[in-house]
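In what follows, structures are represented as structure tokens.
Each of the next two complexes has chain A plus one more chain, namely chain B in the first and chain C in the second.
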Partner chain A sequence: MAAEEKFDVIVVGAGLAGSTAAYVLAKEGLQVLLIERGRQAGAKNMTGGIIYSRVVHEVFPNFWEEAPVERAITSYNIVFLGENSAVTLNLKAPGLGKPPYNAFSVLRAKFDRWIAGKAEEAGATLVTGVTVDELVMENGKVKGIKSGSDELLADVVIDAEGAKSLLVEKAGLRGDFKPEDVSVGVKELIELPEETVNERFNVGGGEGASYTLVGYTKGVAGGGFLYTNKASISLGIVARIDMLVEKQVKVHELIEDYKVHPFISKLIEGGNVAEYSAQIIHEGGIAQVPRLYSDGFLAAGSSACLLINNLFTLRGMDLAVASGAAAARAVLKAKERNDFSASSLSAYESLLREAFILTDMEAFRRTPSLLNNRRFFTVYPDLACSVMEELFSVNPAPSEKAFKVVRRHMKGKAGLLDVLRDLLGVYRAL
Partner chain B sequence: MEIIVCAKYALDVAEIKIDPSGKPLLDGVPRRVSDIDKNAMEAAVNIKEKQGGTIKVVCFGPASAKEGLKELLAMGADEAYLVEDPSGGMLDTAATVEALAAAIQKIGSFDLILCGEATTDGYTGQVGPRLAGKLGIPQITYARNLNVEGNSVTAERDLEDAYETVKAPTPVLVSVTREINVPRIPSLMAILKASKKPMTIWKLEDLGLSKEKLEQVSTLQTVDLQGFAVERKRVVIKDKPVEEAVQELVSYLMKEKALGV
Partner chain C sequence: MDKRLGLNKYEIDSESHIEVDKELCEKCEAKPCLFVCPAEVYKLEDGKLVYSYEDCLECGTCIIACKGMGRGAVNWRNPRGGFGIVYRYG
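Entry: the complex of A and B
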């Protein structure tokens, strides 16, 4: 079918990256088509997670006043899970609960609808329930998209399909994924009354807590998270697919284990599991980021594997917003020259640097390899728990000094040299 | 052939939750075009594709029904009309029929009105027949097959244990079953085109009606609404050879009368 209308830009995927790109472009008066395969924006999105606020604030000033955010996160926790105990590192920072805030928990089904709505308000055309199957290519240049038998042309296609993007592959920017490049995340949304969440997590007034969970994963590289929403909890785990295969562990077993761990079971007690979902995540860091653009084509957000895991924070959503905005600005510059070639669109990369996305990813380029070190999720969490348990227990027996206790617990699990080497690794990576 | 399709922007029943006391929680439940109304639209588009003509879709519902109407325009309707319901869905089928009839009279001429046999939320199955009565035209209900020839329509009615073939002159109202067709999923181009098709929004006053008038004819009151949750059976057959496990599964399903034998 021939196109009756021509768009300047076609954006594929109405998630954070896609809707932001469409919003920025439409605001500047470009004809933008935003295509979403779900019945509505957010319909396919399982994420209940943390969005870091400052970057989003730059594109959507004071977004928290109108966007459906759940809670402003003021309590940050890292929890090392042992067999029956847990060691927690807690930061309580009420200052982070004031504008411009640090982070919010969000439920993406709602948040994505809001942000897609902003793109529509700005003048973008949002079409839902449509899947983009192919790119229209001409001499290696991207000229538009195909959906079923329909073809639609545009100056630029911005791919924001997400972690499973096929278009990036079709545009020739990367090959197929290997198992070690890919993690799988599963999440349960557990409903609890708002007051119960407030009491259990010792938060109130729209504030909330986030937990990074380390250990208790049957030796599989990965970690968990727990975030408080208004009247629910997002509990999830992210695990490397190659290690799940190697250890013959199913990821849902890991989350079931979590749910009966004494530290977690108390937090979710009496809750009602309202949703269960799974998602692919790329934790490979900068090494995994494909080429970000070609002639007439840009990749943003998870399509471009933009994710930073520095062991403390897992950042993806703010990178999606920032990269969507950067992609849009690169297109605007290209539009001024009316040149949409790869070299013209290469401004995207420098804009991503200016937004500190690529620079941050480069700074943390060693963290993904930390995840290859099994001691971090097998030995150390247990060690932390058993040592602390012994140090705090008072017995009618002669006491040992702390360091001796540590050495005794390390025996057979990790040598002193290993620990020193690992500490150096952490120092370099972080 | 001038066709009018009536459609409801119904509650998405799959999204309704039930509170511990058994009360369905209806606040904030998302809406969608009632499934069988999409069958009616597909039937209309099939007729238009064969013989030409126009398709107008009429809806009595909340302002948000515009989203549903866009979908029906993308399926192939030429024009959409929304009569805004100021009551928040509290009126009965008599009032719905008043509103739809007034809208159809204002639209003017038509040869065929198509409805779903019932809506997927209320499932009264009354609107089609009552509308035919109000407009004083013949009606054919439960059509699983529909043919238009000249100034008459022939339909096969689904009577569960028999099919009845009937014929009526136009103008006529036909209500269709789910079996009549598989509604199409609109393509990208169809959706883009639909955004340029006309959509008219009427207030009741535009049709010489008012909320008060409709409340007068709406005499049916919902006294109670009770939901019930179907518990999972939680039967797991495991650690058995495949043949044995299948046998056990089959006999369990037969005991539960789940296999229809």
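Entry: the complex of A and C
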């Protein structure tokens, strides 16, 4: 890499946001350098996880025909876990398993290689195994990147390095992350034969199930997830960093608890753990989003903390694709004017609004504090389980009416006013 | 934990991408790194903090916990290009 070489755009990180940005820019004929620190695209990336399809389809039409997706999700479940029981809310919707689909389970090592390949096909130069250490700054303007002693210059640097967001910090666009705004997510990839997954989750070939798991986290704010891949299951936990410290709980202990819970143990029985991965997740919502651009610099995907959790859907990857495309389009506009100042790049923010990303994040701005309410991850899951167990049980004793059962189980755990207040919170947040 | 991490593929660098400021770390009573790291990179041995950068999953949890709840003694940077964790599934 020659020091005097100058690119139109340098994109840091060949994940979903970075490769999408590079793809859109290269397709328009710009000189794009896409830098990835892993040995290949995807080597450093992990997800729970499912990617919502329709937004991705706008950038990569019919991507499922060529991309390495695992399963089209047609069974959606929210599970409240009690000590020895579980209450499930299940949606079975075979219609969501037809084009343009709703969501796919994916594995990033494969998926990210595909999307980086799209950027390369479009004409972007992908270099792997190169870590960007610093930004080249001049009078507060970003002029390029540094890797070791190498310097590379560009009109614009798009930062798509992921959730650690180190360059955004170096560009002066954000302060320190707060432990209460960030969770650590860990995942075990558990291999099972494809037919076993089909049978166990009652899905047809190519179709899959997703589970959001609530409760059973030793009082730590967070929850779990379980997704079916083609011939494996992704099982994981997401736990707020500050609460792991407060409760002195280790996150892998929570995953061990999950694995022996009667609801989960049957689903993963006989499986073979093949990988253990981890990632941070920005859960602070719109309040946590840093400044998104400065002179010669844009941040996309999870380095910009773009994540929407509305309890039913947890969106990160499709936002990465959409924000990568929006960043690229903002750069294309700036290129027309040959002006890469912050004010010229500010079109990025309006493009993120037009893509409903910032507008949705604003709409769900109350969800983070709702999810921080201890009753939601400590009291209510257990309450749902114990009440349902009693309502479905018959004993040779006088029966109580349902509401009385609920009140009795609430005693000492949650007052009626708490519950009403929380319901109002749910109404406002969602 | 060793068994769990043994499932993963790593390209181990000869130099550490993690440095801990010993003075700052010794003053830290909370030591949040001991609880939050999903790979248990940070451990206490005879009351002193030791860390095995080779096991790092590069999630960044320790940076946030140490800065926000500890003394900011952990100095974490990305491993050199190509080194560190290599996810085969992700």
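The rule is simple: the second predicted complex is superposed on the first by the 426 of 430 C-alpha atoms of A that agree within 3 Å, B and C clash if a C-alpha of one lies under 4 Å from a C-alpha of the other, contacts with A are read in each partner's own complex, and residues count from 1 in each chain.
We take it that a contact is a pair of C-beta atoms (placed from the backbone, for glycine too) under 8 Å apart; a residue touches a chain by one contact, two chains touch by 3 or more.
Please read these numbers as outputs of a predicted model, since none were measured by experiment.
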item: Which superposed partner A:S149 touches (first chain B, second chain C, both, neither); value: first
item: Partner chain in contact with A:V249 - chain B first, chain C second, else both or neither; value: second
item: More chain A residues in contact [chain B versus chain C]; value: C
item: First (chain B), second (chain C), both or neither touched by A:M388; value: neither
item: Which superposed partner A:V426 touches (first chain B, second chain C, both, neither); value: neither
item: First, second, both or neither for A:T125, with chain B first and chain C second; value: first
item: Chain B versus chain C as contact partner of A:L311, first or second or both or neither; value: neither
item: Chain B versus chain C as contact partner of A:K164, first or second or both or neither; value: second
item: Which of chain B and chain C A:S232 touches, first, second, both or neither; value: second
item: Common interface residues of chain A - those touching chain B in one complex and chain C in the other; value: 129-130, 147-148
item: Contact footprint of chain B on chain A as seen in their complex; value: 1, 3-5, 33, 35, 125, 127, 129-130, 147-150, 152
item: Interfacial residue positions of chain A with respect to chain C in the complex; value: 37-39, 42-47, 107-110, 112, 128-133, 147-148, 163-164, 166, 176-179, 182, 184, 186, 189, 232, 241-242, 244-245, 248-252, 273-280
item: Chain A-touching residues of chain B, taken from the complex the two chains share; value: 185-189, 191-193, 195
item: Partner chain A, residues of chain C touching it in the complex; value: 1, 4-5, 7-8, 11, 30, 32, 35-36, 38-40, 57-61, 63-65, 67-69, 77-82, 84-90
